[in-house]
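By written order: A, B and C. Residues from 1 in each chain.
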Amino acid sequence: MAMKNKERKKIIQAIPFMLPSIAGMVLFSLLPMLIAIALSFTGWSGLGKFSFSMVSKQFIGLENYQRLLSKGEFWTAVGHVLYFVVLYLPLSFFFSMLVALILNSGRKLSGLYRILYYIPVLTSWVAASLIWKWVLSSQYGVFNSILSIFGMQGPDWLTSKYWAMPGIVLASVWKDMGFYGLYIFGGLRTIDTGYYEAAQIDGAGKWVTLTRITIPLLSPTLFYCLIMSLINAFQIFPQVQIMTGGGPNGATQVPVERIYTYAFSYFKMGYAAAFSWLLFLIILALTLIQLKAQKAWVHYET
Amino acid sequence: MRRKRSGLLSNIIFYVISVALAVMVVIPFYWMIITSLKSKGALMALPIQWIPRHPTLQSYRKVFSLFPFGKAILNSLFVSITFTVITVLSSSMAAFAIAKIRFKGAGVFFRMYLMSMMIPTQITLIPLFIIMSRLNLTNTYTSVISPSIFSAFSIFLLVQNLRSLPDDFMEAARIDGASLWTTFFRVIMPMEKPVLATLVITTFMGAWNDYLWPLVMLSDKNKMTLTLALNTLNGQYGTEYNVLMAGCLISMIPIIVVYIIAQTQMKQGITAGGVKG
Amino acid sequence: MKAKRLVSMGLAVVLTAGLAACGSSQNKSTTEQTANENQTETAESVSTEPNDQESEAPVTITYANFNASGGNEETLNKMYEAFHKAYPNITVEIETIAMNDYFTTMQTRIAGGTGPDCLEMNIENFGTYASQGILEDLSGAGTEGMNQTALEAFQYDGTQYGLPENFSTVVLVYNKDLFDKAGIDYPDDNWTRDDVDAAAAKIRALGDDIYGIYQPVTYNEFYKVAAQYGGSLLNSDKSAFTINSEENVAALQSMADRVQKTNVQPTEEQMGGMGDWDLFESGRLGMIPTGTWCFNTFKDACGFNWDICVEPGETQKATHFFANALVVNKAASAEAKAAAQKWITWLASSAEAAQIRLDAGWDLPALDDTGKLSSYLEQTPPEHRQAVFDSLNYIVMPPVINDYQQMSDIITDCVSKAAKGECTAKEALDDAQSKCEAAIKLN
């Protein structure tokens, strides 16, 4: 009984803290998502005034989903984004970690680095994509020009179907490493120095300190970075739209690019909504796996 | 002696790597500034000019002649600041409840918040607009700002951070007889300063740079934000990279200022957080 | 744990379902409210204006456009001031949005029931908008003086849904200095594509980074070149695709050969992200078939002599015709629709609007009476401006179907593969044919 009262008290205490975000979620997230689910079962073009009766008249059941799963396009787009994720995640993790360690070293210049490394984060995706489109220009861009200093002949980046995606990965890593880097750095700074002192007294080596203290205490931060970059990477869009527009020859057509095109260029809103929900399921599945796997390595203070 | 030499070596390695990384990060940015100072003809000069031979401000003049900048900057500031304040407050409250009150069902909400990030905003654009128009909010700042009240990204960020904070602080505050609100504002928020600073910057930047949502919502020209104004450049000056880069740079300046201000705050925050325990 | 997760999902569903139920019932009343409030607001704002003499009630309408963005907003305002003098009871709130976001914005606002009363529409999207029944029938509008071809372009199922606002044609622009250097005659209206190829080869020989011609191998150019070879993308009643016909294959072959075989046209890599206009402006390109809207830019940017002629064809001439339409939103109120129709008719066909448009060097009003356009012909460069109008004799209309954008994307994708030398012209068009047949249902 006592336990139950305590739980009830906690819920009552939590309500005022949760209320704003719950209200916001319901109104600005759940409700639009519900409408989007409804749309995915219709053949609505997306053109014309929306009303529930109009949409229900165009109910076509699971047809959108069947067409998506039977056509190669969906899986091709998922394949492209997986290719992006496989290249992006390790690179992004490596460089973020590097940034965090440089900042955490406490040496000279780290204040300056904290500003320099963050500049890409402060750039909007529109600006960053435009910059990189220009940087990666095979003839007039600065990237290949640097490669040529080292005697290398740079590829045609965004106009080549083999190099367009790596080009987008480069831009994305450049854009994101400062954010995750600074966040991991924050995580490193909040680790109580007492742990390290205790380890030193016990005579623990660097490796033991890293695996027994740093990683476990940093794990909630790393877990956040992993989940966020996974969710975001599966939904890359502005860089693709501006840098390649899905080209060349569809080599960088990723799910959200397809969704946007079907919704706003081809006027197939129902189809685009179904596309979104299949993408949702894929991201959800991967996130659930991570949530389950976190018990093996993520350590929370209690 | 041996010790000193290995210190020197590690110093060299450190500076080589960190400078190389800084150069990598800064080059595209440098390229953007240089390009914005070039004339249109110099864009295509081969070999490429690392330093413009005849620097010119003509692209800046072009950008400034296109828009009423003063008004757009004020609008942008108003929207972004309000947006940021609401997001930070609402998200840290939710994160506090989830991570520190740990009520039954917190996990359910946490998962729902996570799930809301998995659907592309491109597909919820029209549904959200429909809701706003049913609420009679089109062409108001309210419609642009109100979604700020729920930010799954921010809540997740703060929850993860709070979870690595020991519960001793909660306990100590409770024994002192502090209410949860006092604990939240006086104990937890100050300790979270570094991560809150990060959140302020990214939220401000997101609000500042967002353009599709304000574009769709605001039809009144007087309400136009800066990014909205600058985005018309992309369509109009597709390959005039000097004009595009000038526009990009102008749009970034306010954010860099905010960052440098927040940066000083963050330093204090981190040292304040460091003396705990 | 599993159970907990299930509960969380279940809760999400229940919550949303419940909300939708109360949401929809609430919504109706708020929409009505909105409509009422809007009306009263409008009435108030207009009644404060001095001109109250006409019997018609004052009305405020909204007009959205993309064409004025980036330099012609002032021109459009000038037009509106002239209009407002003639119709003091009609106030027009003009909203100018850049092209790349214009249609996303319009689609979203129309879905929410807050679209503008009248708006500008391009030829590519016109068919889709008309087919969805969201455009007002404009059969009652006075269309005298408007260009017949342009008018027909904006009919759907025989009904006039749009008024042509402006038009432009595509001509062959050439760099006179490069022709002089190569020692060849300037192109004239009798040239064919073979003459172009021969001249392009001689200009290409002038230097490593000097090119003969640039004609992008994309859908837009392809359907025109196909017509120059006597081909087309659809059969005559638009019931079947004819993308891989013999004529079309020959057309694509000639386009791709310029890139891959003779290289008188730069490959994508040789372009390196630069625009085709930039290449021409830099003086390194002999010929470029492009729209008449380039004149103002080229006048300022080209430090050499240039002129134009009607685009050379092959078995026949075929030239592009582009026009934008002015349309009225069917969902607008009756008064707004009436006022909107007056505004767009005035914008499209009044002498005053045409004059302001021409004086600003914006684009050409889609009017039949070329006498009104004489001031346009007097401006130079280019000297041979008459070619703009001569091109009208050979125009080929874009094959407007409901899924226009999708067809265009599929074809661009396939033909650009041929231009890169990744497949033959025949293979590219066979591929395009089967992809279009699979993705698009024709009526």
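A few points about this structure:
Heads up, the rule we're going with is that a residue touches a chain if its C-beta (ideal position, glycine included) is under 8 Å from a C-beta of that chain, and two chains touch if they have at least 3 such contacts.
Note that the structure is predicted; figures quoted are calculated from it, not measured.
Taken together, the touching pairs cover every possible pairing of the chains.
Of the two chain pairs examined here, A-C and A-B, it is A-B that is joined by more C-beta pairs in contact. A separation of 36 Å divides the Cα centre of subunit A from that of subunit C.
In whole angstrom, the spacing between the mean C-alpha positions of subunit A and subunit B is 15.
Residue positions of subunit C with contacts to 2 or more other chains are 5, 12, 23, 104, 107, 111-113, 273-274. In subunit B, 43-44, 46, 111-112, 115, 126, 130-131, 211, 231, 234 are the positions where the chain touches two or more neighbouring chains simultaneously. Residues of subunit A in contact with two or more other chains: 30-31, 33, 35, 46, 50, 134, 139-141, 264. Listed in rising order, the residues of subunit C touching subunit A in the complex are 5, 12, 15-17, 19-20, 23-24, 103-104, 107, 110-113, 128-129, 132-134, 268-274, 331, 403, 405-406, 409, 413, 416-417, 420, 422. Residues 40-41, 43-44, 46, 66, 107-108, 111-112, 115, 125-126, 129-136, 138-139, 211-212, 215-216, 219, 221, 231-232, 234-239 of subunit B are the ones that touch subunit C when the two sit in their complex. Interface residues of subunit C, counted against subunit B in their complex, comprise 4-5, 7-8, 11-12, 23, 26-27, 30-31, 33-34, 37, 62, 64, 69-71, 95, 97-101, 104-105, 107-109, 111-114, 116, 209, 273-275, 277-279, 281-282, 301. Listed in rising order, the residues of subunit B touching subunit A in the complex are 11, 14, 17-18, 21-22, 24-29, 31-32, 35, 43-44, 46-48, 89-91, 93-94, 96-98, 101-106, 109, 111-120, 122-124, 126-128, 130-131, 146-150, 152-153, 155-157, 160-161, 163-167, 180, 184, 194-195, 198, 201-202, 205, 208-209, 211, 227, 231, 234, 241, 244-245, 248, 251-252, 255-256, 259-260, 263, 270, 273-274, 276-277. Per the touch definition, subunit A reaches subunit B in the complex via residues 7, 10-11, 13-14, 16-18, 20-25, 27-33, 35-36, 39, 46, 50, 95, 98-99, 102, 105, 107, 109, 113-127, 130-132, 134-135, 139-142, 145-146, 174, 178-179, 182-183, 186-187, 189-190, 192-194, 217, 220-221, 223-224, 227-228, 231, 235, 237, 242, 255-256, 259-260, 263-264, 269, 272-273, 275-277, 279-280, 283-284, 287, 291, 300-302.
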